[in-house]
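For clarity, chains are labelled A, B, C and D in written order, and residue numbers in each chain start from 1.
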Amino acid sequence: MHHAMQFLSDNAAAVHPRIWAALQAADAPAPPYDNDALSQQLDDAFGALFGRPCAVLWVATGTAANCLALATLVPPHGGVVCHREAHIEMDEGGAPGFYTHGAKLLLADGEGAKLTPASIAAVLDPIRPDVHRVQPHAVSITQASEYGRVYTPAEMAGIAAFAAGRGLPVHVDGARFANAVAFLGCTPWEACAGAAALSFGCVKNGGMSAEGLVFFDESLADVARYRRKRAGHLQSKGRFLAAQLLAILEGDLWLENARAANAAAQEIASVAGDRLLHPVQANEIFLTVSEAERAALRAQGFSFYDWGDGAARLVTAWNSDPAHVAALARAIASL
Amino acid sequence: MHHAMQFLSDNAAAVHPRIWAALQAADAPAPPYDNDALSQQLDDAFGALFGRPCAVLWVATGTAANCLALATLVPPHGGVVCHREAHIEMDEGGAPGFYTHGAKLLLADGEGAKLTPASIAAVLDPIRPDVHRVQPHAVSITQASEYGRVYTPAEMAGIAAFAAGRGLPVHVDGARFANAVAFLGCTPWEACAGAAALSFGCVKNGGMSAEGLVFFDESLADVARYRRKRAGHLQSKGRFLAAQLLAILEGDLWLENARAANAAAQEIASVAGDRLLHPVQANEIFLTVSEAERAALRAQGFSFYDWGDGAARLVTAWNSDPAHVAALARAIASL
Amino acid sequence: MHHAMQFLSDNAAAVHPRIWAALQAADAPAPPYDNDALSQQLDDAFGALFGRPCAVLWVATGTAANCLALATLVPPHGGVVCHREAHIEMDEGGAPGFYTHGAKLLLADGEGAKLTPASIAAVLDPIRPDVHRVQPHAVSITQASEYGRVYTPAEMAGIAAFAAGRGLPVHVDGARFANAVAFLGCTPWEACAGAAALSFGCVKNGGMSAEGLVFFDESLADVARYRRKRAGHLQSKGRFLAAQLLAILEGDLWLENARAANAAAQEIASVAGDRLLHPVQANEIFLTVSEAERAALRAQGFSFYDWGDGAARLVTAWNSDPAHVAALARAIASL
Amino acid sequence: MHHAMQFLSDNAAAVHPRIWAALQAADAPAPPYDNDALSQQLDDAFGALFGRPCAVLWVATGTAANCLALATLVPPHGGVVCHREAHIEMDEGGAPGFYTHGAKLLLADGEGAKLTPASIAAVLDPIRPDVHRVQPHAVSITQASEYGRVYTPAEMAGIAAFAAGRGLPVHVDGARFANAVAFLGCTPWEACAGAAALSFGCVKNGGMSAEGLVFFDESLADVARYRRKRAGHLQSKGRFLAAQLLAILEGDLWLENARAANAAAQEIASVAGDRLLHPVQANEIFLTVSEAERAALRAQGFSFYDWGDGAARLVTAWNSDPAHVAALARAIASL
């Protein structure tokens, strides 16, 4: 499963040296949990990033961030509209059902694993407003999407306006939010404008074990703090999680890393032509490749996931080796 | 809240250099989640420690370890006998209720936060075996207890035999298991003999962010793995958690660290005389001290928690500064 | 278990003829669930009874009523203060944990299974307001209590004021609310003044299968309706539950039945002298009686529950046979 | 919403006289809950019906029956394969998520709301057997289906064999099981052969407030009894629920009632020709009818539900008035 030239996922890539430095600097005596000085800087640091007040909790995983967010937005008897290929639906082992106490994911369609107001409406409109049907209470989207596609600021604003019109708060799964912002060149807020909560990814982008759960609706954060503890996610040495998040914001390391990953993806995409199943915007490449072609690539030392029968997913990371990237581009061009 | 000479808790102490070294050594490319080589060594490493097969999962917190264990042992409609001052009852924000889907903690008494067969029986015997009453499905004890008291091998065997006789599996919260074993001088297995699951503490003993959830009944581990994912505790860079656990076992670092903390506690206890509320066995000291005395200690730079109105809790750690310990002993002697 | 002269419980007594008549009258075609005309009269009928707006849902059991109420008042991570002998703690098979998704019952003391502001405060005050401790979110009391004791209007007002001062809504388990009001001779509202929700008992008082869940805070009822459906308690022929509740209110049948049960209890109590463990106020009698005495009573055909080792509980009902009551009084007097 | 000639649903039809008689006969003193003689006859009565041992619990609603069954079959982290138009997915307000603590419904396709081994396999096969994906733990089908379609004994056996091959127990939602058996003319067991649990409908078939939850795997019933209590569904006067179930089995009233409903449906279907969206097998008729045609029918006094934009659902009951049925048939023929 493990090969020399790694394009399986960004989720196991090395930790960035500046994150390491921040971890070690954090190893001074400090109050436990989130009472340390680093944890208490998070609200301000993310507030500055987004240009508005926010309340930020560190957690160890994107699943925890997503599901804590949903649990604050949706009652147990409610539902969350999301794409049918959303990470919360497909890859979190039912964690949304655990954290929300059984709320339902209401599955919508949309090209590139992206929702649109129309595709959300197609889910909402047939739901009779009575107790026999699970009623929608929130919308969750992924920026960048599970297919590496971004919502433009205009698309984001459209979804936010639509959701607000239906009385539904919006959650953004930003496991690869950095890659989306790096591609869009917009402000961080424009990439998630209107959201009540954002899962701000760090682990896939050079971190070790910290994601930021950012609440733009600060009243939600108080409930989330109780739920974080109750989920066993309040680490006593939380300063090490805060340190990672502060370090990745410092000097825009988050964007620097994402740009590196995105550039590697573009280099590979540039040779892939018609093989591309999706336009490459963030750091994921979905290619039509036959079984024989996949075997040929693997024989050359490239590792990646199959994506169904006739395709593959390749993911670049902040530290993808330029030589490996160039080699992969050549290999794909030669298929 | 944060003073120069720290006796608040071992839960925020520094990370041991050998843990740091192991973390950095783990930063090579590896498969994600628990598919890396380090994670896959855990079963054998703990198996060797306990002299029997076991299945081990890393998690980030003791709360997660305890509650995942309970969730595998107890159905939602069941109950867990524990001490009324147990950490799972008092300090986990209701996490057992979350993980078990509402199972009930059935509160027993016992000196020093320790259960006995008799105190467990006093809870069990009045429970009519009908559907109107929550039925017991497990027993959870803490080794060392919340008052720093240990179960001797004989006491442990007595509880295990009693529980087995009632058909109840035993969970051991071992947040300070190392301190207990270091005090007892017994084998690790003797200190938890008969348990179905053990939460093996690392964070309070020089770790950063990893606890070991050890199943001696291996069939439970498969369910626990699904539940760990569902709780958002399956970290993608799990190799960093495995690394901490392997490092703390290596060369018996866990015992070395615990012995240091215990010795510091004994040094302080040796001057405390009648002030001691509990015999000091692990690394916690509970003292009768008036409000004025507490103020005097704090004025000298010692930090610790009040324990109700007329007492204090002081905790030593693997890295308690000998000078601070000596100073504290002098200060207490001088009160 | 079943004897000729029944004082086991009021919970299995016969259905009152006027309830039967109402059931049969309800068997005309009607819209399903709670869309029928009878269900829609409940708010007004109870509103008239209590002299204030209320929103009322029928459910089949007191457990469902109590737990739906709690689920609207308390988040999963919260707690409910109740007496340690409360029905919700002792006799509902963990249903509060199910309905609230694991909220915790915080157990208070008090003579006669009654809470007081002081006994509630004794639970609340030690709870540090941080995420490690389950925070209180509501108070639940039982009127009449599990020992057949009533809260006077002044006591009720005292609890309501205290709870309001702590920001805690109050739930009243009124499985035997009729017996309390009949004893107190006060208005229905005075017997539960300040409550946000009341479980209004009917089954023990001549009904077949309906309890009224009365919300004085009407906004809670909307959530409760979703939760009722989700709990499988929205019966399609709900008109038969509404019919029972309307019939028991009609012409104050609820008070008439309760007075009959209370009078029977008083007749028995009048001969019990020092044997009484609690003053008899509603329809339950707790007596000190030895094992031999209990055997003697049973040999005469009386059925009742043991209450621990040296006592018995006897319960009268709306239809307790006067001859049986007189016989029981004689038998007790002759012990 | 309520019209003179009722074809809205069988779920609000009158209670059969023999059920009334049984209810009244049950109003003698009896032990509470399910300790009465009637409740204790259920296992034998259903055992005789199905020709094999079974353990039977009464509950008040089909939702409670279905969801208690699922909760015994599926762990919280698991999934249940069902049709995407199944009642448990569409019409139970998320009750499966409540009872199972968040297990996931895995939605399959199939004509007439019926599953096939192939359509179940199409759901199962793409699920990687790892912790990131919710794993299947059971299959739930509806007999007769939500479109009034039956599984033949051969189809039922095929599903059972397939599910057994995948290690999945089968639950049958039999809200209209009587109508299915009446149509099929097979034995009751043949209509649900291989099931671990059956929700045996009574309310829609002349009952008032009782459904039978039949476990063919008796070990499941013990857990279900605890869960029934915990869900507030253990009624203290449970004898009235048992009485309904015994009465509907007595003299095959269940089949007699179902045959009447089915015959009425056939009479209507016989004139509907190409309008029929589904073959009529049980007691539901789905018709293509324009908005204008629906208005015309309603103007003549017929009440029924719209089924999307261009269709209607009509349901007959055990007591559908022959004159109304004939009138409806004429009206449809005249459209």
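Convention: a contact is a pair of C-beta atoms (placed from the backbone, for glycine too) under 8 Å apart; a residue touches a chain by one contact, two chains touch by 3 or more.
Computed from a predicted structure; not experimentally measured.
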Exercise for review: Please identify which chain has its centre, taken as the mean of its CA atoms, farthest from the centre of chain B.
Suggested key: D
Exercise for review: Look at the interfaces B-D and C-D and say which one is made up of more C-beta pairs in contact.
Suggested key: C-D
Review point. How big is the gap, in whole Å, between where the Cα atoms of chain B centre and where those of chain D centre?
Key: 50
Exercise for review: Report, in whole Å, the distance between the mean C-alpha point of chain B and the mean C-alpha point of chain C.
Suggested key: 42
Exercise for review: Return the distance between the CA-based centres of chain C and chain D, expressed in whole Å.
Suggested key: 34
Study note, to complete from the structure: Two or more other chains are touched by the chain D residues 76-77, 92-94, 97-98, 101, 131-132, 226, 229-230, 234
Revision key, fill the gap. Residue set of chain D touching chain C in the complex reads 1-2, 6, 8-9, 11-15, 20, 24, 27-32, 35-36, 59-61, 63-65, 67-68, 92-95, 97-99, 203-204, 208-209, 226, 229-237, 239-240
Check your understanding: Can you name the residues of chain B that touch chain C in the complex?
Key -> 76-79, 90-94, 97-98, 100-104, 131-134
Revision key, fill the gap. Note: in the complex, chain C contacts chain A through residues 75-77, 101, 131-132, 135, 223, 225-230, 234
